[in-house]
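Okay, got some structures for you below.
Heads up, the next two complexes both have chain A, just with different partners, chain B and then chain C.
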Partner chain A sequence: MNAVGYTAVAGQIVAVTAGAPLLTGWMRQVRARLEGRAGAGVLQPWRDARKLLRKEPITPAGTGPAFRAAPALLVATTVVTAALVPLLSTDTPVSGHADLIVVVSLIALGTLALALAGLDTGTAFGGMGASREMTVAALVEPTILLSVFALSIPAGTTNIPAIVTGAVDEPARLASPAGLLAVAALAVAVLAETGRIPVDNPSTHLELTMIHEAMVLEYAGPDLALVELGAQMRLTLLLGLLSSLFVPWGIATTGSWAALAVALVLLAAKLVLLGAVLAAAEVFWAKVRLFRVPELLAGSFLLALLAVTASYFLTGAS
Partner chain B sequence: MNGGLYTQLLDLACGLFLLAAVLVLWVRELAVIVRIFALQGIALAALAVLLGAHEQRWDLIGVGIGIGLLRAGVLPYLMRRALAAITADRQRYGTAVAESRETQPLVNVAASLLTAALLTLLAYAVARPLTELNPTPATRALPVGLAVVLIGFFVLVTRRRALAQVVGFLLLDNGITATAFLATSGVPLIVELGVSFDVLLAVLVLQILTTRMREAFGTTDIDDLRELHD
Partner chain C sequence: MGLLRKIRATGRVAEPAPPRPQGDVPERARELGGSVQVRCVDAGSCNGCEIEIAAAFNPVYDAERYGARLVASPRHADVALVTGPVTRNMAEPLRRTVAAMGEPRLVVAVGDCAINCGEFAGGYGVEGAVSDVVPIDLQVPGCPPEPAEIIAALRRVTGR
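Up next, the complex of A and B:
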């Protein structure tokens, strides 16, 4: 059992790290095809990373340790979170530590590291991006916490593997109003946290609108490769978390090799599907004006809060 | 009907009912607000039909269907007609967009969403002693009705367009009806008929009032109604 558990943890880390650029490439490819372009291929983010890694590391003059540590910190927090969150199996040696609050604070730590790096460069864009990112993050973190709390109330614990196991046993929990509201709230929060289209546009460098890109403008070479890998991994991780919480079927709940293999295949299938849906939706959406973003996030916070209150007064089949 | 399925469907109807009220606060397009109101009417009708089916009272199912026809069919139709009249008139001056949107509510959208959250919590706190008297799935959903009443009041006081105010008034009424259903498993048919005709009449009168306002001021912004004339 222990061997299977450790393999599951290693599998999650490898799947998120290696799969993240592929997922991004896949989403760009879907988007390109829908827009009538040929697209660069699914492997393009890996090729970009290889090109960047070969370059000479350069840091701008006057930047301090915050700037240099941020890419590594971003990737490191994401790797730890990937090990904790039940993407493949709920029965791992670390599943006892996979508390909701730990996971959210690890994600927030990565955001904070990047924002500090943006401030550290001392350029106008870095500071602007950092301030915007913190505005968004301040609204997103409570939303993520609340929407998962709505699911943790029926489970009676904030331990994410326990929530997922409970949902596998009782699918009725997810079809309740609380579950549905929580899905909507968490989906908006994930879009905002990963800087996808209604909140931020990942493919432009327009100075007036960018959030994430503004913070990382000064990075080059291997550091830039790490920052991009970190952003891609966060997207993969959060989409994986979303699918684990709301479509938990197929995740291994016992320590058997066959279940683990099935879980890996199903995780890939869910992520590919979710990525395709997200990319297709992005073709039809426009980016929301920056001053409208708090409105969108307040709405998703409200949905999360309603999910929590609804799980009190609409307590399902009891 | 089996108990688990009944509870789940009832919860879904209540959730949809509450969500529709919140969405009215979120969107600005008046046409979309009317459509969301129709959706809420369907949720309310489903609530009544579910309660009727659970207690096997045919009159309650009849009331539910009647409510569905009135609140998801007739009232949205009337409001859509009023909206079309307003915008068609303004098209000539190129201000139709300003007239068909709730552009400047007295409380901005983000703040009103947060207020809606607080109102829901308040409704939950207030309804708790009532629920404890007889905790069934229906009475446990009582806060939903109260929350919609409070949100309806909030829409009434913060929105400026006459049509948005009508929707606020109807939200309030939907909330009262839902509370009656959930707390007492339905009011007698004759009372419900009286209330429904009352609401229909109120909307007709408000529609005429909206038209008159537009003729007098050229806009449906109720801030222009500052003083009474004889």
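Up next, the complex of A and C:
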């Protein structure tokens, strides 16, 4: 029982770490095919990481501890979050600590570390990227909290494994108006937090439109490999969290090896599907102007607020 | 929905990959292992070469399938694609750009102007060819070079 629990935690960390570059490669490949291109192949992000690890490390003159610590901190917070969030199993030795507020704080800590690193470089673009990232984060973190609160009201707890277990037992909680509003709000928040279109363009070369990329312009070699891996892991983790909360079927709720194996296969299938849908959607969308990003995020915050209200009045009455 | 129909009707526009280019792979490029990040530096070009570089990364030629990708910062880059004769004002920025790239790094001179100043040789604002300012590893001759030739040079670096 305990061995299965620890294996589930290790499996979640390995799946997010090793799967993140593959998911990014898969999304780029889907996008390339829709654009009529041949694409570099699913393994290209792994080749990029291997090359970056071999390159010379560079510490730009004038940068301090914030710049040096940020890549490791970004990856470390994501690894801890991957261990906590129930991606494969709700019955793990750490599931008692997997509180929603802890998870959102860990994600915010990674964002903050990178924003400080952007400021630390002292370049115009680093500071600009950091200020924009904080503007987006200030609107996104409350939305993530509120949209999951809508699910935690019927469950009566903010413990994410408990919310997921409750949803597996009672699927009606997800099909309610509150559940539908919450999934829309959380989806927009995940897009903004991971720097995808329509909030940020991950493949842009125009410094003036950058958010995430502007903060990491000064990183090189192994540090850049960590920053890119961290960003890819956050995308995988947040898409995994979205699927765990709203499509929880298949996640192991008991400590059996067979359930764990099924959960791993289903997690991979859900992520591949979500990644393909997101990549296809990005072909159809354009990036919105920066001054309209707060409107989009305020809209998603409003959806989350409505979800909590609906959840409280519709299910809290019983 | 119109875009969806267009995607389905157009299908794949990338041309079939030509055979791997002849010529020796530069020694330093062997470590890159099929992944090359490219930073373009316009050192004073007429922008003819820039149009051809942009064409090399479009869906028809699709340089990304060989592992080359354009990036926004010289810190991220392995290859500097330098175009045009180096003007006096761009000589120092070009030296700094190449210095900001981590080892192993390569400099590719694209176009006749970058190789021997071409049409602009002896001009009052011209410092010299690219090789007079920074050491170069590869040359792509032509005025302007065709996208296929730029891709052949990039493939010699990526080894794919």
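Basically, the second predicted complex is superposed on the first by the 315 of 318 C-alpha atoms of A that agree within 3 Å, B and C clash if a C-alpha of one lies under 4 Å from a C-alpha of the other, contacts with A are read in each partner's own complex, and residues count from 1 in each chain.
Going forward, contacts are C-beta pairs under 8 Å (C-beta built on N, C-alpha and C of every residue); 3 or more make two chains touch, one makes a residue touch a chain.
None of the values given here were measured: they were computed from a predicted structure.
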item: Which superposed partner A:E295 touches (first chain B, second chain C, both, neither); value: first
item: Comparing the two partners chain B and chain C, which touches a greater set of residues in chain A; value: C
item: Touched partner set for A:A32, first chain B, second chain C, both or neither; value: second
item: Contacts of A:G62 with chain B and chain C, given as first, second, both or neither; value: neither
item: Contacts of A:G221 with chain B and chain C, given as first, second, both or neither; value: second
item: Partner chain(s) touched by A:A172 [first = chain B, second = chain C, both, neither]; value: first
item: Contacts of A:L181 with chain B and chain C, given as first, second, both or neither; value: first
item: First (chain B), second (chain C), both or neither touched by A:L305; value: first
item: Intersection of chain A interface sets (partners chain B, chain C); value: none
item: Complex contact set, residues of chain A against chain C; value: 32-41, 44, 47-48, 50-51, 54-58, 60, 204-207, 210, 213, 217-221, 224, 283-284
item: Chain B contact footprint on chain A (complex, rising order); value: 172, 175-178, 180-181, 294-295, 298-299, 301-303, 305-306, 309-310, 312-318
item: Residues on chain C engaged by chain A in the complex (per definition of touch); value: 3-4, 7, 10-14, 17, 31-35, 37, 59, 62, 64-67, 69-73, 75-76, 78, 100-104
item: Chain B residues touching chain A - in the complex, by the definition given at the top; value: 3-4, 7-8, 11-12, 14-16, 18-19, 22, 26, 108-111, 113-114, 116-117, 120-121, 124, 127, 131, 137, 140-144
